[in-house]
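As written, the chains take the letters A, B, C and D, and residue 1 is the first residue of each chain.
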Amino acid sequence: MTRVHVWGAAGYAAGEAIRLLRNHPLLEIGALESRSHAGQALADHFPALRSTAYRFDDPGAVCARVRPGDVVIAAGGHGEALGFVPGLLAQGARVIDLSSDYRFDAAVAYGLSEWHRDAIATAGLVANPGCYPTAALLALLPLAGIVELQHVIVDAKSGITGAGRTPSIGSLYAEVAGDIRAYGLAGHRHQPEIERLLALGGVRASLTFTPHVVPLARGMLADAYLICRRPPDAPEVRDAFERAYRDSPFVRVLAQDRAPCVAAVVGTNDAELHVDVTGCIVRVICAIDNLGKGAAGQAVQNLNIMLGFPEETGLHARAFVA
Amino acid sequence: MTRVHVWGAAGYAAGEAIRLLRNHPLLEIGALESRSHAGQALADHFPALRSTAYRFDDPGAVCARVRPGDVVIAAGGHGEALGFVPGLLAQGARVIDLSSDYRFDAAVAYGLSEWHRDAIATAGLVANPGCYPTAALLALLPLAGIVELQHVIVDAKSGITGAGRTPSIGSLYAEVAGDIRAYGLAGHRHQPEIERLLALGGVRASLTFTPHVVPLARGMLADAYLICRRPPDAPEVRDAFERAYRDSPFVRVLAQDRAPCVAAVVGTNDAELHVDVTGCIVRVICAIDNLGKGAAGQAVQNLNIMLGFPEETGLHARAFVA
Amino acid sequence: MTRVHVWGAAGYAAGEAIRLLRNHPLLEIGALESRSHAGQALADHFPALRSTAYRFDDPGAVCARVRPGDVVIAAGGHGEALGFVPGLLAQGARVIDLSSDYRFDAAVAYGLSEWHRDAIATAGLVANPGCYPTAALLALLPLAGIVELQHVIVDAKSGITGAGRTPSIGSLYAEVAGDIRAYGLAGHRHQPEIERLLALGGVRASLTFTPHVVPLARGMLADAYLICRRPPDAPEVRDAFERAYRDSPFVRVLAQDRAPCVAAVVGTNDAELHVDVTGCIVRVICAIDNLGKGAAGQAVQNLNIMLGFPEETGLHARAFVA
Amino acid sequence: MTRVHVWGAAGYAAGEAIRLLRNHPLLEIGALESRSHAGQALADHFPALRSTAYRFDDPGAVCARVRPGDVVIAAGGHGEALGFVPGLLAQGARVIDLSSDYRFDAAVAYGLSEWHRDAIATAGLVANPGCYPTAALLALLPLAGIVELQHVIVDAKSGITGAGRTPSIGSLYAEVAGDIRAYGLAGHRHQPEIERLLALGGVRASLTFTPHVVPLARGMLADAYLICRRPPDAPEVRDAFERAYRDSPFVRVLAQDRAPCVAAVVGTNDAELHVDVTGCIVRVICAIDNLGKGAAGQAVQNLNIMLGFPEETGLHARAFVA
């Protein structure tokens, strides 16, 4: 049994990670550190953990209890991991960081499981991808070398848990219910992350990215439109997706007559993809759970890869949050 | 044109009040004071006011601009009105306070419009009722002297705007969506308010009160169960309701075959009531909008009463928030 | 491996049952018969079953394939089971009927698992309880013989899946969202079911029952108010609940400072209960998932009891529907 | 007072039209014909009309009561208007048809108010635009002659009332809540409508159109991405929008730092637009209420244009449906 600690344990992604760790047959839960909720019962904070007896540990608990060979899931706010991850690595722990702190660091493994298995397997530190980048990259990376691109548009729709659990007016029920809103029109943190990984993956094109919030707790649908310089061959495009995900148990390339939807993936680590080609336009639609494949699910998948477990271990049971 | 200022203008009830004041043909809007949002455009804060050019005024604006004959709607947090309302009254303003600060003060008019018209008409200061008390009292007061009560149960369901717009985890979209929760089981601020007004209104009975939050931005349904000492006469009970609200344009006593629902009242100042009798049990169900009849709508209704306008003035147009 | 067939497989309770059966280690799925959806893929109909290859079987499939020792979950509309269940029993199958058809039949085991384990264990036919009766009876039965009752009020709030998957205007998204509605004010099918089981369980009192629909796909909260003839002893009341459910893995009697909520039980077979006593009033609040403990979850629990499996087998994983 | 009849009065767009007609100072309501709901009270069918005494008229009522100079709003299903509109025109009525029946007829005025005022003013029959085409065309038509286009992508998100009030599984609360789904991937009825009007409006480009359903009763957000052959001049693009809608009271071209949202337009006849330019890409985001500007609101706006009333008459009050 490998021990896994969670730093920043009171957020939505952390809660989902704890739910998954708890059901994982080869892992045990260590410290669950939270500055804001230290001492409180997780049962009062996460309804899905109601029947558990866990309590949030005090600040410093992860650092105090970590042992060589342990894994730490760092689920703090952006900017915090830079301060304490080096210390954990020095203590012999391996770390999966859910923040954006290490996603632009060329020395750190970027954890899009299906595309970076080898690097993840041997990494001491994995930068877990953002939710939008996960959906966008799953939709775009298979086409590297297959199409010659002029421009890429990603129009993404997300549930509000992507904004985290720190209270703000924009995340209140009465603000999100009944609304669809575009945001980040002047630039979103995830745009350079997508651009960097596209370039690394050999997809060369400028990107327009528009995120939206829709009235949903969990789930994300991203529509990618690839404007190609010449009409691609539709079977070849489709084949590229089937080859890319043939051995990936969590990614479903849908038959042409089935449309992707969030309900089919929410509470899971699954992604589903639709692909079609019309003239110079390739349209790829990707549905994931922003807390599943877009955060905690992928973190556990990466943990399995790091520890040499089968990729699906502990990831079969659906969550139920909303 | 009477000028109306709003103190604490950034909350949900304040926003709804401003929307109503703006459509009111006999009122003009004065200062819109907000400590937290001073200087910001209301259009960015209240989608329903998107086409307006209002800005939140700085702290002190109401006090500086108020003139004798003006009205102030005080929509601050509980405990704040006690500090500044006396000054406003001394400046010659009339005040409608939406907080609980004056609801237990025997010298202040309690503003349940349908039951206290005379006191409201001449008052300098009106304590606007809480949302739960409004629904409960509209359901219970008609039966004073009609039934002999042993006990009263009020089981109420509310939208989350009743908790205000100050960010908290419990009001986040992802917490409220998909949940029904009971709360305040050890006692809720509105229970003594209901008890006090029942006693003043001649309804003598002990009270059990259970509030709940359901996934809704606005709206409230309260089920009142009156356990009587002997079986009441059903036609007499029904008649009591019809007499009580015969001249009240905002209260509908429904035919027996129609069930009350929030959708029929939300965005309005309406209340709808169902009454039935089985043996010793009278069941009264009341639907209101917690921000309408339960807060801002009733405030404007009271304002109309205070200023001698027809009670419905400016209250015809439905809101659309969610 | 015992084989389980589902009759009426396209409804919400059936979908949830199939999800549970699929994860059950000691059961295998047989025919999935649906008149309305014969031939269609379950993956297109139930997002939670998206990754499966099941198809709905034609009318007659259950009857044709059933063998002695098989179990049939009958999930058809009310009135249909009477027509085909006797034939299945004659073929040697055991049946769990989710409709109301057999709930008033003294010769049939009523399947409220925690209260009728012995009868269920040996039954050929189990009448699975309605969702409202499940919540109400879990809240009321422990007090048989403990309190002397004058009257009982049950005020229940339910998600809309309780109304089934047959399309009707009242179940449309645009009708349910933003509304709270009382219904069945002139009488609801579940009222006599509750009354019958209370009488059988030794709880003697008249009952007022008010169901409501709130904007929720799944989940139910029932508030039971027991008006007693004399003030009960609070510790004795609480003790009655703890004794009643001491050996019931799915029922949580909450500490006094924790309030029940749907989010804590939805997607599970759990029930959680709050109990308090004030004067002559006992208040019991029960939260369940109407499709879980209120339908399919309890059906699988009963199936485990019938087959001699541990009660929790296959019921650990949370669903995620909404 | 001009008399307005509604044919197909039980649908969502019809209900919203009746609400608007009722508040319109220069119109009176005539027959409200419904085959499915004849004889029933509108108060039981449309919560927003709860305080009215209207009843649905029998089939044939519009035809029987229409007089020369009356207007008929035809809100039936697609395919039905072709059968009865010619007769109404022959009786001297003017007709606004909300179905798609006449939207491809070159002899009929297409009713996108802001772009076809002159034709609407003198028309006997107006084909009211679909909701998606309304949003897409408001976003795209200002750029005719301003940019040279290679391709246009419209990614649209809609509330479920766009699917109408006829019950179907896909419109049920439990299907729509918690989901985002793409649909119509093989082609949607509104795509050729958009293409035809773009061509007529001088916008020459191929179109990719992806509609989505999000968990919302009312509202629509359409993101249009225009891929231009050369980088357009940003101030010129912005200026084109400001000129196009300078005299249009219902269309707001937002400042660059404000993002469009459904909450700002829902319940109104408003549209709000964001425009930005990056390299060869123009991004235009348009928010409308699919039942307001996308259906009934625009119908009343067109009615005002036909009758020579100020365009805003009767369209100030917000609806509240959800």
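Everything below uses one rule, namely that a contact is a pair of C-beta atoms (placed from the backbone, for glycine too) under 8 Å apart; a residue touches a chain by one contact, two chains touch by 3 or more.
The shown structure was predicted, so the numbers you read here are calculated from the model rather than taken from an experiment.
Least step count on the touch graph, chain B to chain D: 1. Distances between chain centres, each the mean of the C-alpha atoms, put B farthest from chain A. Mostly identical positions are employed by chain B and chain C in their mutual contact, as over half of the interface residue numbers are shared between these two copies. Matching CA atoms, the turn from chain A to chain D amounts to 180°, rounded to the nearest 5.
We define each chain's centre as the mean of its Cα atoms; on that basis chain B and chain C are separated by 38 Å. Put simply, the C-alpha centre of chain C and that of chain D have 44 angstrom between them. Contact of a single residue of chain B with at least two other chains is seen at positions 47, 175, 178-179, 215-218, 261, 263, 266, 321-322. Shown here, the protein chains touch in all possible pairs.
Those residues of chain A lying in contact with chain D across their complex are 150-151, 153, 155, 157, 175, 178-183, 185-186, 206, 208, 210, 212, 214-221, 223, 225, 227, 256-257, 259-263, 266, 274, 276, 278-281, 283, 285, 287, 322. Partner chain A is touched in their complex by these residues of chain C: 23, 43-44, 47-48, 50-51, 178, 252, 258, 261, 263-268, 270, 272, 316-322. Residues 12, 47, 159-161, 165, 167-169, 171-179, 215-218, 321-322 of chain A touch chain B in their complex.
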